[in-house]
């Protein structure tokens, strides 16, 4: 699956170069009066970064240049923020409730996502949401999630509750 | 070393170009902002150490292995020394700023430091190379012994 | 005065660890604690209440800079001493690992072929 | 010119490991280092006797770092360069069978760079940095063979050295906190104006402990015999001959005499530390069986003489006896030069002995004069001069110290010096009896190993041992030793030179 690190393809180099340069320009913002020295330095640094680390970059760089994916990525940020807020209130309610209605445990869930990036984003999203935390990931597409209020230990049921809401958006972004 | 779980690998893949660029940025603008050669070099070395830890020794071999790290180390220190000696020849004193300070650009711009950015870059490479060598000798100790 | 006291307590903790512990790693940690005590002491010497970072910004008068900036020299000294202590600690750990390979233990009472 | 002293060894030190990454060229490394040290020796001889300062980066002294060349530092430069040259010559043959020689010579050059830096710099923190450069290289060099004992000695040396460095750094921090300057000359101006002298005294104490650990004064000596006997022979010669003097006594006396203007009680403490090191080191050396360990303990004892001379100089200065003070300081500096010569001779000789017999245990070897007359003769000269037999150099410097002690009225010190000389003679007579005069004992591993590459350096040092006694002739003394002693005694001259007041 992983290709040889020594021979990065040109497309990968271009992809890493573009993304790094974009971030560089965002952070230094040399445009108020145009600062050519900063822009040229940024291009050189991005080129170095692309040549050295291009081999590690995403496996399908063309996908990374598709603007539709970035649109869904933007949507995902807002959606995730909403879910995190809701989960926050839920956890706060459980903690402040006099009975402390929690039922912690580790459940096994299954994901339909295939690419490594999508799985990583999913795992990180689950961890970011209060109340759930990814513990481990297996090669067959199973995630082990620590859940503050285990409502079902069945794989299908737990998958629907924990993973379901992220999956459809992530599939549009990464696959 | 086989590396870590897919999550660590993927995140490493995502962030490592930015870490590298950030390290070089810190070293490059050492004369304008806090930072300089040493922190920048540490960040650059951290990037490669992260890749080594996440992917294992084999993966990093084509990029930045032990030999290229020590060569970088020596070359960077030699170039630092050369800058000092060039100052001695042209500027009248060891490490003198022989490119006039503030000459190409105005003050508070990237090219205003004379020879400071060059020295900072040399220090950055030196620190990055030597830190990676230290890491490689300590963390990959067994692997090197077995060869 | 509190500065001096704080640094000395930390320094004494490190020195205790170097003198009194038998594990190589604990001795190395003692050295690290001592170095950090001295570094903290140096930084605190240059501290000034409600001072600013010693960066001369565009359009800043020199007198204003002198009145508000902290002393940058101890910070330069500290970063140098951090670099040096990095080298020393790296060498120490490397030698400790080698010693462990030879003797199979980190206990200095069992690694005692040479007599002082 | 002065930065070249640091820049050349630094460049060579970085270049050799780089070349080694691509090709292993043993003799090339050795020849490069030999040329480097030869060049530095020539430079230091050309610069000898000159008084100048060098402003690094063009900044004027209290702000920037400056290099100072005065009587003492130019003498120290010659000593470092001379011993380094002879050691490099010796290592060319001796080390040729070892591996990783690029790293060995690289570290050797870095150690040289650090020592030159300590000798030249006029800034306390810069001195600390160079001191660490030299010390870290020497830690690595002690463990160069990577055997268990070498590593253990290296670790012990490393811990003690690191603690010493931290003490020095704390002293520097405290000094900066109370005086507000790092330039030695500037400190000597400002230190008398500080209202609260207690922190100055505290930092003085920290300096004495820290540099005492580096110089192996007697309560802090435990690392030295292990480190100096475990290192490869050329490195033992460098460590005992130069490193402990430059890093320990020279740096300490530079800061105390020129920077802090000798705070109260400091000269007395130095004197008694010197006397104690001298006496106890000699007593322990008497019982040693391993030749290199005996030499190492003898180093502790001889370092005591140097410290004693400098400390007595301080006492006489504070008592207002400048003439006696000069004599005592000359004694200390003179003994420093002499000890560098004969202790490196003896360590290189012990390497030759180890090559011949395959062991350093004194009871198992004997009759070296029959096996190798040349190296036997040089060894005899070394032992005779270290034990203070009249025509050789060791006698003259000890005589100067004793005369200074008696003239200044410190009779107990004079007594201890004389008694320690007797002890020194005793343990070197033991070495003589076991090593030179007895029958050829033990197995002679390979006679052919004593090649010219081994004994020519020994011969050079032996000639130095005979010739250095001439330094005390009044004409030569006025050029060589007296400026060095006056550099310590006349702190105001140093300040004037640096700050240009």
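Letters are used for the chains, namely A, B, C and D, taken in the order the chains are written, and counting of residues starts over at 1 for each.
Everything that follows uses one rule, which is that a contact is a pair of C-beta atoms (placed from the backbone, for glycine too) under 8 Å apart; a residue touches a chain by one contact, two chains touch by 3 or more.
Not measured: the values here are computed from a predicted model.
*Asks:* Using CA atoms only, can you tell me which chain is the most central one in this structure?
*Replies:* C
*Asks:* Does B-C or C-D have the larger number of C-beta pairs in contact?
*Replies:* C-D
*Asks:* With chain centres set to the mean of the C-alpha atoms, which chain is at the far end from subunit B?
*Replies:* Greatest centre separation from subunit B goes to chain D.
*Asks:* Let me have the rounded angstrom distance from the C-alpha centre of subunit B over to the C-alpha centre of subunit C, please.
*Replies:* Roughly 23 Å separates the two chain centres.
*Asks:* Using mean C-alpha positions as chain centres, tell me how far subunit A is from subunit C in Å, no decimals.
*Replies:* The computed centroid separation for subunit A versus subunit C comes out at 39 Å.
*Asks:* Can you compute the centre-to-centre distance for subunit A and subunit D, using the mean CA position of each chain? Integer Å is fine.
*Replies:* 61
*Asks:* At what distance in angstrom does the C-alpha mean of subunit D lie from that of subunit C?
*Replies:* 28
*Asks:* Identify all positions of subunit D at which a residue touches two or more other chains, and write them in rising order.
*Replies:* none
*Asks:* Spell out the part of subunit A that touches subunit B in their complex, as residue ranges.
*Replies:* Those in contact with subunit B are residues 2, 4-6, 16, 19-20, 23-24, 27-28, 35, 37-38, 41, 45-46, 48-50, 52-53, 55-58, 116-117, 119-120, 123-124, 134, 136-137, 139.
*Asks:* Can you list the residues on subunit B that touch subunit A in the complex?
*Replies:* Touching subunit A from subunit B are residues 5-7, 9-14, 16-18, 20-21, 24-25, 28, 51, 55, 59-64, 105, 109-111.
*Asks:* Mind pulling up the subunit C residues that touch subunit B in the complex?
*Replies:* So the residues of subunit C touching subunit B come out as 53, 55, 57-58, 79, 83, 86, 90, 93-94, 97.
*Asks:* What part of subunit C is in contact with subunit D in the complex they form?
*Replies:* 7, 11, 15, 18, 24, 27, 31, 34-35, 37-38, 41-42, 45, 73-74, 77, 80-81, 84, 87-88, 91-92, 95-96, 98-99, 102-103, 111-114, 116
*Asks:* Inside the complex, what are the residues of subunit D that reach subunit B?
*Replies:* The contact residues of subunit D facing subunit B are 3, 7, 10-11, 14-15, 17-18, 21, 54-58.
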